[in-house]
Amino acid sequence: MVDTASSPTDTDARSPGADLAIPASARDRFGIGPDWRSGMERLVEWRDVDAFRHANHTAFLLWFEAARNRYLEAMGLPRHASNTPGPVMMDLRVRYLRPLAYHEPVFVTVRTAAMRRRSLEMDYAAWTQDGCAATCTAVLVLMINDTGEKVAIPDAVRGSIRTLDNPREE
Amino acid sequence: MVDTASSPTDTDARSPGADLAIPASARDRFGIGPDWRSGMERLVEWRDVDAFRHANHTAFLLWFEAARNRYLEAMGLPRHASNTPGPVMMDLRVRYLRPLAYHEPVFVTVRTAAMRRRSLEMDYAAWTQDGCAATCTAVLVLMINDTGEKVAIPDAVRGSIRTLDNPREE
Amino acid sequence: MVDTASSPTDTDARSPGADLAIPASARDRFGIGPDWRSGMERLVEWRDVDAFRHANHTAFLLWFEAARNRYLEAMGLPRHASNTPGPVMMDLRVRYLRPLAYHEPVFVTVRTAAMRRRSLEMDYAAWTQDGCAATCTAVLVLMINDTGEKVAIPDAVRGSIRTLDNPREE
Amino acid sequence: MVDTASSPTDTDARSPGADLAIPASARDRFGIGPDWRSGMERLVEWRDVDAFRHANHTAFLLWFEAARNRYLEAMGLPRHASNTPGPVMMDLRVRYLRPLAYHEPVFVTVRTAAMRRRSLEMDYAAWTQDGCAATCTAVLVLMINDTGEKVAIPDAVRGSIRTLDNPREE
């Protein structure tokens, strides 16, 4: 993965720009296929579960949001600020396939499915050791937060995403 | 609205079983049409906004969840507990139309679009004084949380929903 | 309550600048004494409860935060923005006295206990119909978010707070 | 650390029962002294920051909660369930020392300061690479969630905590 956000000496696996490549061991444990190249493991925390003792449906979306933000930084998008292009959610589709229990490990995958001039269609999934727990597709438009102006995907970011995920370009 | 959850003497407008009928004044202020019969006004709180100073995309879903829970109690579904039928999210579709600012009033509407034997398709929307901010459709299955068993919509609940929202029955 | 934040024609009881005076009926139901003058009723929502089926300890703090923000707007503090004085939490003390169940009504009270030049000491409490559920004291410093500069409490705000809550001035 | 919660073959560093020992490299980067023995590194995520672009005061508490839960499992407390002893917050004190920015790494430390028969006094801190961002002390009582019954700290858990953190016993 092209990783322009982290300094060469940053070896902390938890830093935002750290390599999101999926380890072979995680592919095995979680049954993740080669159509996914980026992701991160998490634990289902107490804050994620609701009174039905499973991850609330919004917890998945917060995990996808966290994966998206690390992915986009790794692709070269500047860290979110009010005067730089940031992703704004326009359309969201989620299918929930199996419940996730408290303190269960979950692997969250992220990829770009399509790029338009100023927006991205991205896929997400949440994987348990017993199979896929949820899939999601989101359309995000790049916007300058201060002005509300929609902006084109920067060329360097577009190039990094193309190299990594080879999305449709529309 | 049939309101089986509140006692006759409960006059607290904020109680879960209180009438969710949309006041005429709210229809005027927020431009809500007659195809919606139930809803509640909220304020966009600090907990709802993210660092882009707008309601996070998950805040809308938490408002829809709150409206769903009050609506289902008003329809006669027992208050959520581990051994009674509760709604579990299966499929979610959201379109985000305009941003919502901190401390902006928002009116959240809810209705049942379709009933199957053990699941509901519900619509939601979030309304600002400048137009609709988001629409959502969700499919929820009724489940006993303790056992994971899917159960039929109770007849009394089905009857209340039919009277109020006249959904498709599939 | 001095209410400089809402326009004279704003009659919406849920608007941020609406009167936070505690109705006599709420004082009766929740057992709130005359040492509290401001507050708001809420419902314990699904998002507030954790897998122990009670309001999570952080839910109380989010309710206190919401009450604080409405109170400070009502006292004349400009709506939170990056270039106006906003409250930043410095010190927090909470005592949890009884659990709060899902969909239980809760009344949240707020007052200023002390004013210094650039900071406030504020008290909060959460009231159920069976007694007080939590008490809290917080010290907040006023800061311009863009610069991190600590600023004095504006005179008009200081005057409104003095009139309403008669806090210690240190 | 005594780690009774994870199976011997579980080598996943993110699993709840994984070793919470603080690596020497983390002690160096974050300036953590020998009075702390347990902790975990996190990233300040988008969900953690509010519209002032810093971690909200409740985000720290959710990190401390996550650290507490992993620590207590590592000490042998059964995973949270409705019929086993779980920690319930009684008293909380937090001092906020410096703001935390979005995507900043933070190291969260946890230890037991005192044990009584049925309650624990625990300390927490959040560390940035520029110094300590927050300290916290919390009193938690062990309770069976289903019944509300307060229970004694199990002997094995008491023994593990004594060995690790050598707290006051009162």
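A, B, C and D are the chain letters, set down in written order, and residue numbers restart from 1 in every chain.
Basically, a residue touches a chain if its C-beta (ideal position, glycine included) is under 8 Å from a C-beta of that chain, and two chains touch if they have at least 3 such contacts.
Quick caveat: nothing in here was measured; it's all calculated off a predicted structure.
K.L.:
So which one's got more C-beta contacts, A-C or C-D?
P.N.:
Taking the two pairs in turn, the one with more contacts turns out to be C-D.
K.L.:
Since subunit B and subunit C are copies that touch, just let me know if over half of their interface numbering is common to both, same, or not, different.
P.N.:
Subunit B vs subunit C: same; shared/all numbers exceeds half.
K.L.:
I'd like to verify one number: the distance from the centre of subunit C to the centre of subunit D, where each centre is the average of its C-alpha atoms, in whole angstrom.
P.N.:
Chain centres of subunit C and subunit D, defined by C-alpha means, are spaced 28 Å apart.
K.L.:
Could you put a whole-Å number on the gap between the CA centroids of subunit A and subunit C?
P.N.:
Inter-chain centre distance comes to 36 Å.
K.L.:
List, in ascending order, every residue of subunit D touching at least 2 other chains.
P.N.:
Expected reply: 46-47, 51-53, 58, 62, 65, 80, 82, 102.
K.L.:
Mind pulling up the subunit B residues that touch subunit D in the complex?
P.N.:
Listed in rising order, the residues of subunit B that touch subunit D are 46-47, 49-53, 56, 58, 82, 102.
K.L.:
For subunit D, which residues count as touching subunit A in their complex?
P.N.:
Going by the criterion above, the answer is residues 12, 14-16, 41-43, 45-47, 62, 65-66, 69, 73, 79-80, 102-103, 105.
K.L.:
Where on subunit B is subunit A touching in the complex?
P.N.:
Per the stated touch rule, the residues are 51-53, 57-58, 61-62, 65, 80, 82, 86, 88-96, 99, 145, 148.
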